[in-house]
Amino acid sequence: MILTLKTGVSKKDVQKIISKIKEIGYKPSVSAGAERIVIGVIGEKAILHKDTFEAFDAVEMVTAISKPYKLVSREFKKENSVFTIGKNLKVGGKQIVIIGGPCSVDTRENLLLNAREVKKAGGTILRGGAFKPRSSPYAFQGLGEKALQMLAEARKATGLPIITEVMDPRQVQMVCRYADILQIGARNAQNFDLLKEVGMTKKPVVLKRGMSTTIEEWLMAAEYIISRDNHQVILCERGIRTFETATRNTLDLSAVPVVKHLSHLPIFVDPSHGVGVRDYIGPMARAAVAAGADGIMLETHPHPAEALSDAHQALLPSQFGHIVKEMRAVAEAIGRTI
Amino acid sequence: MILTLKTGVSKKDVQKIISKIKEIGYKPSVSAGAERIVIGVIGEKAILHKDTFEAFDAVEMVTAISKPYKLVSREFKKENSVFTIGKNLKVGGKQIVIIGGPCSVDTRENLLLNAREVKKAGGTILRGGAFKPRSSPYAFQGLGEKALQMLAEARKATGLPIITEVMDPRQVQMVCRYADILQIGARNAQNFDLLKEVGMTKKPVVLKRGMSTTIEEWLMAAEYIISRDNHQVILCERGIRTFETATRNTLDLSAVPVVKHLSHLPIFVDPSHGVGVRDYIGPMARAAVAAGADGIMLETHPHPAEALSDAHQALLPSQFGHIVKEMRAVAEAIGRTI
Amino acid sequence: MILTLKTGVSKKDVQKIISKIKEIGYKPSVSAGAERIVIGVIGEKAILHKDTFEAFDAVEMVTAISKPYKLVSREFKKENSVFTIGKNLKVGGKQIVIIGGPCSVDTRENLLLNAREVKKAGGTILRGGAFKPRSSPYAFQGLGEKALQMLAEARKATGLPIITEVMDPRQVQMVCRYADILQIGARNAQNFDLLKEVGMTKKPVVLKRGMSTTIEEWLMAAEYIISRDNHQVILCERGIRTFETATRNTLDLSAVPVVKHLSHLPIFVDPSHGVGVRDYIGPMARAAVAAGADGIMLETHPHPAEALSDAHQALLPSQFGHIVKEMRAVAEAIGRTI
Amino acid sequence: MILTLKTGVSKKDVQKIISKIKEIGYKPSVSAGAERIVIGVIGEKAILHKDTFEAFDAVEMVTAISKPYKLVSREFKKENSVFTIGKNLKVGGKQIVIIGGPCSVDTRENLLLNAREVKKAGGTILRGGAFKPRSSPYAFQGLGEKALQMLAEARKATGLPIITEVMDPRQVQMVCRYADILQIGARNAQNFDLLKEVGMTKKPVVLKRGMSTTIEEWLMAAEYIISRDNHQVILCERGIRTFETATRNTLDLSAVPVVKHLSHLPIFVDPSHGVGVRDYIGPMARAAVAAGADGIMLETHPHPAEALSDAHQALLPSQFGHIVKEMRAVAEAIGRTI
């Protein structure tokens, strides 16, 4: 950690800061530049004392040198993390996994048809919302446990492992009885009590990036889960909020190489939420594969006009099949498989 | 709700949409423009069927005409909402309330000293964090119930009502036993299960705006609480996330007149989190009063270098007292009191 | 154009608006909904009168139905625009063009070496800055005409057409004497006098997106050029400004399918400026190809440590060659060539 | 300037960097931390060599210690800059100046009436657009020199000094013949050739902040003007672009105390463009005064429905007069005058 002092600070101010550094067990390294004094605070986890030094009026700026996360970092673990989902699906390896299914589960018939179509087209995981975070209290909030039962039935029928969102720490146990993978949605990306709760389960967790979460904060959210001893965390980029309104969000595909550089965790991309318009999903799904994503999440529905949420971005089975083929060609061009 | 169709859609497509409108009980109003056909969907809550129409390939854009919220709206209730906090403190009226206290409660001595100084300087509510949403799992997470007990003691000593954050639906009952006002933090602004839970209490709730929550989404989050029959909701602007890094967040003071225009609810401003730098808090607190805020939240600490979080923005008692005086002069200039 | 009125407006207010619509030659279409009155303004270019209606106090919101641009739109011209650069390089067709070269031209030796390496690796256009828009007045501002002469020499030596930025309307004539393609930089994306000036030349123009320019505004900037009768406009996505600081900008690859949907113009992507970090350029270049870009701009330098600007993102010739190979594989997977 | 190296770099890499530092005339200061090596580069203007060091693969991050601007900084000049406009209007002192007038000049009658009303209500400067930067090439572009002549006539009639925008370096001489103050608009905030050109005049310049310009970049744009020896620069906050759409832009009032802290230059606020909705302008004008602004720019029009641009935000003379009274009360509360 580096402390940049204001110009013209007194010797006494500098001395006070140096004393504080020693008092909390670190080593000061003072360097007087042309205009300002800069003090290094040397020792492990110095950054946890950021607040202490920001409180000094003589300090202009505190700069972190070490990363604020540890267990998720590439420095902690050099090789990519690879997890097994369900019986033998590997996530984080050479194969790129494809997740299809509805935004929210509506009827048993639609779900079973959807699941079969997803499987037929090459999908490897089934998604479906049982608890839905909706902006309006008057909008459809999901079918709850009934939806989880239908998902379990669809898994039985197709063999596809299932992923579903959990929103409330009180639901975690129950959702774990049905789901193969837990999903934390964008609005709960920094719901720390929920992160701690899923960190105490044995289920893989897909952690979506919050709408205005920096990559560093996102990795620290993952650290919340891993530090509770659940190491099976998969990050998922789903678009950030910017000034642009032509798309629902701005899909930040550069998050893929950045996360790969900073962390050993697998990363998925959800182009459906990223762009929010059916016509733009195919190109962005291909681009996500080319950027290095380990999995692609897509919303599908056999009858979009009956969908109870996000109908504008739901793909028909035929569209989904077409996109999977395109993604496969790109995957092979970069030495991976689908 | 208005549906703008793509150019060159077929008569059959238009007919299908019209049938759907009638099927779900609304009245279509078709208008053929120079280049495009536009269809109005007339009837209450039409916007809840947005998804249904977005699913049609012939629909280019769906535009809402009515607001998606109701109980929070100025149209629902013309006059300003005024609540009584504690014995007789009015929120939302002519008097602007002033909240002071630490970011997080650390020691009993610091808290009691802080509370007395806040009261002496003209503060009317005491704030203090017991459960802290921290980006890092390794940072101080708050003292929990112990902190709530200290807050209750400080209330007894000074008569100031207390406000504290609740992060987890499982804590709501317990926090209600101590606090006069519940606070929902920015990271939980769209934690809908938590909103539902505080909506079932009888306590006033300060709902902070999320870092990337639009004003419309924020009002809908308030609607979650009110629709569960807790009408005592106070909004609190605390800065949004933008590209600018000179301040911790960008304090969006225009949210004050916008909320006053759209809603009858009181609105507070938190300049401490908004700017995150001690020197900028005074001018922004004065500006918030001038913009029409009903309350100002400020972080204070008798010894900032001992603060366990947000030390960079904590005001000394003397600084707090000075800012309260400045705010009072501005309040009087616009016909209000502090 | 649709006018949504405030709730509770008087009949007299409605009548005034209707009179105004007729006065300026349009047809009103009134529709009384459950809560509000909505008035359609029917006729060509109604949106140019947006201001007139926003001035009425009774009007809550004005919604555009038609696009505010025309000549650039896909509706105006169905098929993709294809231009010929230099002797026979086609832009906008099946072949994806690859632009390489330095951020700013420094020495003749470096430039010639760079140009030869770009050509050898499969590059089809040479880039190089002569006039540089630098944030600081004390930073290197480019070599001016001397750099243009060196670029012309490098073209002669390699046969590669050259592209260079023009910043000032007074330079346009001179730059046209050397360059094959003019570039408008991000900071000048809405420098309308400059756009008009390049609109009066016969040179193809690459129009970079501004840091906070919406796609609609960007298309209207292109309309400025085309409406002066220069139809050879190529758009170039180079990253937008967001809250994320892990990358220099946020490369908005979804702009590629959106532009392809709305316009017939070719679109390039500049991953070098988009991410600003050498290690992330390769994955994003591949992703841009997969998303459907018609050209990729990359910064290359034989000795990055000698570069006078943007050294952090300059690729070595060997890195450039490697990325071109990867892009070619992806291009072939989606039925295009490099 | 501080170089943070990657973890695990070789001694040879460190040595190369140290050699480079010495080669360009600076002093290295090496500090080996728990995990990383950090090297200080000591000497004036080291930051101008940022590129050189970012080019080294072993360098993870380059952190500036000194500010990248000089002449505009508070460190360069401690006391506030105060300029005289016209005969004896002081800008930057105790008096807050009030600018009123139309977005764009339309008719002589409207302008003269407007100017008289602005003066009567307490305005001290007249604004009016002659050259208008419009998003659409088909929208009204301003009356040009004819508008400047009308402005000069209005000055004669009222004694108010006039401010008008200049968009093109080729117009600067001509605009100088009429205007008392030159305005650089938000879209040209980083049009460096234009900044250089106005830097060579003797006229005061109001430099609006760009829509996505950081405060640091904005101060560097001001440095462009001052370094050409025109010291009379006034900054003007007019809203930045964010995700929020309830207002036209997000007025960043915290820019006022930040600029006051970093620079000696006066700062104005333009709430009309900041919020873009008539009803919100009054509260934000009061807030801007309370935050410490040295001047407030407002758009006024005697007949908003006839305005050729920005009608939605134009104030009637009576509304303007009312807002000036409110601002005066707030100004007096903080020890200033209007």
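Chains here go by letter, A, B, C and D, matching the order in which they are written, and residues are numbered from 1 within each.
Here is the rule we use: contacts are C-beta pairs under 8 Å (C-beta built on N, C-alpha and C of every residue); 3 or more make two chains touch, one makes a residue touch a chain.
Treat the numbers as computed from the prediction; the structure is a model and nothing was measured.
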Between B-D and B-C, which chain pair is linked by more C-beta pairs in contact? B-D
Of the other chains, whose C-alpha centre is the longest way from the centre of chain B? C
From the mean C-alpha coordinate of chain B to that of chain C, what's the distance rounded to whole Å? 38
Centre-of-Cα separation between chain D and chain B, whole angstrom: 31
Show the residues in chain B shared as contacts by 2 or more other chains, in ascending order. 212, 241-243, 245
List the residues on chain D that touch chain C in their complex, please. 20, 45, 48, 51-52, 54-57, 68-69, 133-139, 167-170, 187-188, 190-193, 210-212, 217, 220-221, 223-224, 227, 241, 278, 304-305, 307-312, 314
Using the touch rule from the top, collect the residues of chain A that touch chain D in their complex. 2, 4, 7, 29, 31, 33-36, 38, 40, 42-44, 46, 63, 65-66, 75, 241-243, 245
Can you tell me which positions in chain D touch chain B when the two form their complex? 212, 214-216, 240, 242-247, 250-258, 260-261, 274-275, 279-280, 282-284, 286-292, 326, 329-330, 332-334
